[in-house]
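These notes concern the structure reproduced below.
The chains carry the letters A, B and C, assigned in the order they are written, with residues numbered from 1 in each.
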Amino acid sequence: MRLSASNLACHRGGREVFAGVSFTVASGEVLAVTGRNGAGKSSLLRTVVGLLRIAQGSLTLEGGNPELTIAEQAHYLGHQDALKPSLSVAENLEFWTGFLGRKAADVAAALAAVGLDSLAGLPAAYLSAGQRRRLSIARLFAVKRSIWLLDEPMSTLDAAAQDRLGGLMRAHLAEGGFILAATHGPLGIEATRELRLGEVGSALAQPSASSPWSAETKAS
Amino acid sequence: MTSLGALLIRDMRLAVRVGGGALMGVLFFLVVVTLVPFAIGPDLALLERIGPAVLWLAALLANLLALDRLFAADHEDGSLDLLLMSRAPLELVVAVKGLAHWLTTGLPLVIAAPLIGLLLNLDGAAQAGLVLTLLVGTPALTFIGLIGAAIAVALRRGGLLLAVLVLPLTVPVLIFGVAAANAVLGGAAPFGTPFTILCALSLASLVIGPFAAAAALRQEIE
Amino acid sequence: MSLTDLANPSRFLKFANRVLPWLGGVTVIAFAIGLNQAMGAPDDYQQGATVKIMYLHVPSAWLGMLAWGVMSIAALGTLVWRHPLADVAAKSAAPLGAAFTLLCLVTGALWGRPEWGTYWVWDARLTSELVLFLLYLGVIALWRTVEDPSRAARAAAILTLVGAVDLPIIKFSVDWWNTLHQGESVFRFGGSTIYPTILVPLLVMAVAFTLLFVTLQIAAMRNEILRRRVRTLRLMQAQAAS
């Protein structure tokens, strides 16, 4: 399975967020999207899952289910946790697994995977920010999808939870999935490639073939 | 269709939990109806004559005011992004949210209407006519309201804007709903004609509402 | 045991558990006496036996107002003295007040049917009761909207005190509005002097209703304290889990 973008551009409110972005990511790989604040990391992920319109360029997925769009085969972990405080921890996860097309049987295992099984009956309102994040992450395990788009997945997680997420990401890659992660800091897993967004001034200054937008393969 | 079932259950659960608005609509309905006699006087004959109109207006307002959080809450906590990425068609997702809203807000209004009708001196036949027209007509209000809720989703003053946008669109429902209810009370017009048109309006809005709301949501999320 | 001792929730729980069976028993006895006397009271020369609804209607109206009084004192307790049990008392009294007011409205409607020929007329007293009922529902809705009880408590306390100030104004306005629209067949209870044969059962019933209110209030407060303990324990559980 391989996702490739060529010359992708995104506009918001008449302003260009990014342009000329190309990357490829295939099964078993991690693409780390980096760059300063406002460089368009989140926008790039939202563009890939169709929550933002593609202004220019194209996105192609090879080896996926041709009946489904990229968004329908992907997990998107945004800045917000998509949880309802008045529902219990288990009810929140049950809803998302049900909504994403799975039976509720997978819920207990997924809660255990993120270490929240002891809190299953509590209202989500009682959780700390890190616990909410982990509950949000739990849906990635309850429902299997090969494309993961993670926006700052490590934010608000403590060291133990970061380790655990790193392990879960490695398992996901081993099963043939791939990950696009927008991140500032360490990802908890070795990134196969890095896509650096930003440096708008330099992009305008040097419209050369060696564009700073393009993905560079790290020697790993 | 486990997706849509899960969504229906979640939205109904949220409505009855702390902070949910399930019975707020009925309370608003009761308050509005109570205020009417203070404005026009406690003349039972007059109240009986305008009763169906008052109850319909109150039901209309109660239904719409409860709608403004329908998509806005999901937008604020990021759930809407995931709903938009769903494998189920967005139109059906929107329709299911509308159904959950009607079951928790519209249906309680229909059930409470006879009790509240007592305050306006409505007799048995008038009560039955009123309940029947509200049962058939309130889905139209909810599903037309969906469009406004979707348009106002990301806006700060969404609640007022919603009412301004949607109230003019509900004019036909109000006309035929009240006409049918009045026909039972012994009005000049027959019951069948306005009631059939009311049914038609509801069925049409069941289709148009979700399509327009889904289109609005897709445009709105930028 | 003094009143300050009861401020401690644990002491209050102990007190409630000891007192509740006795209070319940006394309430049952008071109702037995009151209902028996009410049955024996003479019928009205105009209304016949329907007048007996009065023995439920009038005390529930009193209790509906008393509960708001309890809530107002509790509101002061929350806002001024920051008494730990004040908002527990306020939260428990609201549904009780609403229930008594609803009982008053329902018995009023049932009484009105034979008297007025309709379940509801916009009589000044009934209308005031209806507005009071709406205020109760508003307070309950407020409690139900905010998950954190201590945050809800201050908002509800302010609403309660505003209501306490506004209730006499509402009563006055409704009376004025009603007399402006004279001509309704307004039935006035107590237009003539009340005979002791009616008054005594009425007072006994009022005592019975008050005892019922006190019993339910203490039981509801106990439940609310336990509910808050469960909430605190669950919050601690969430905190303890990493």
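Odds and ends about this structure:
The criterion applied here is as follows: a contact is a pair of C-beta atoms (placed from the backbone, for glycine too) under 8 Å apart; a residue touches a chain by one contact, two chains touch by 3 or more.
None of these values were measured; they are calculated from a predicted model.
The most central chain, judged by C-alpha centres against the centre of all protein C-alpha atoms, is B.
Among the other chains, the CA centroid farthest from that of subunit C is the one of A.
Look at where the CA atoms of subunit A average out and do the same for subunit B: the two points lie 38 Å apart. Centre-to-centre, using mean CA coordinates, subunit B is 33 Å away from subunit C. Chain centres here are Cα averages; for subunit A and subunit C they lie 55 Å apart.
In subunit C, the residues touching two or more other chains are 147.
Shown for subunit A are the residues that touch two or more other chains, namely 85-86. Residues of subunit B found to touch two or more other chains are 18-19.
Within the complex formed with subunit B, the subunit C residues making contact are 109, 118-122, 127, 130-131, 134, 137-138, 141, 144-147, 174, 177-178, 180-181, 184.
Those residues of subunit C lying in contact with subunit A across their complex are 147, 234-235, 237-239, 241-242. By the touch rule above, subunit B contacts subunit A in their complex via residues 2-3, 5-7, 9-10, 13-14, 17-20, 76-79, 81-87, 221-222.
Note for the complex: subunit A touches subunit C at residues 85-86, 115-116, 118-119, 122-123, 125-128, 131, 158, 160-161.
By the touch criterion stated above, subunit B contacts subunit C in their complex at residues 18-19, 23-24, 27, 30-31, 34, 37-38, 41-44, 118-119, 121.
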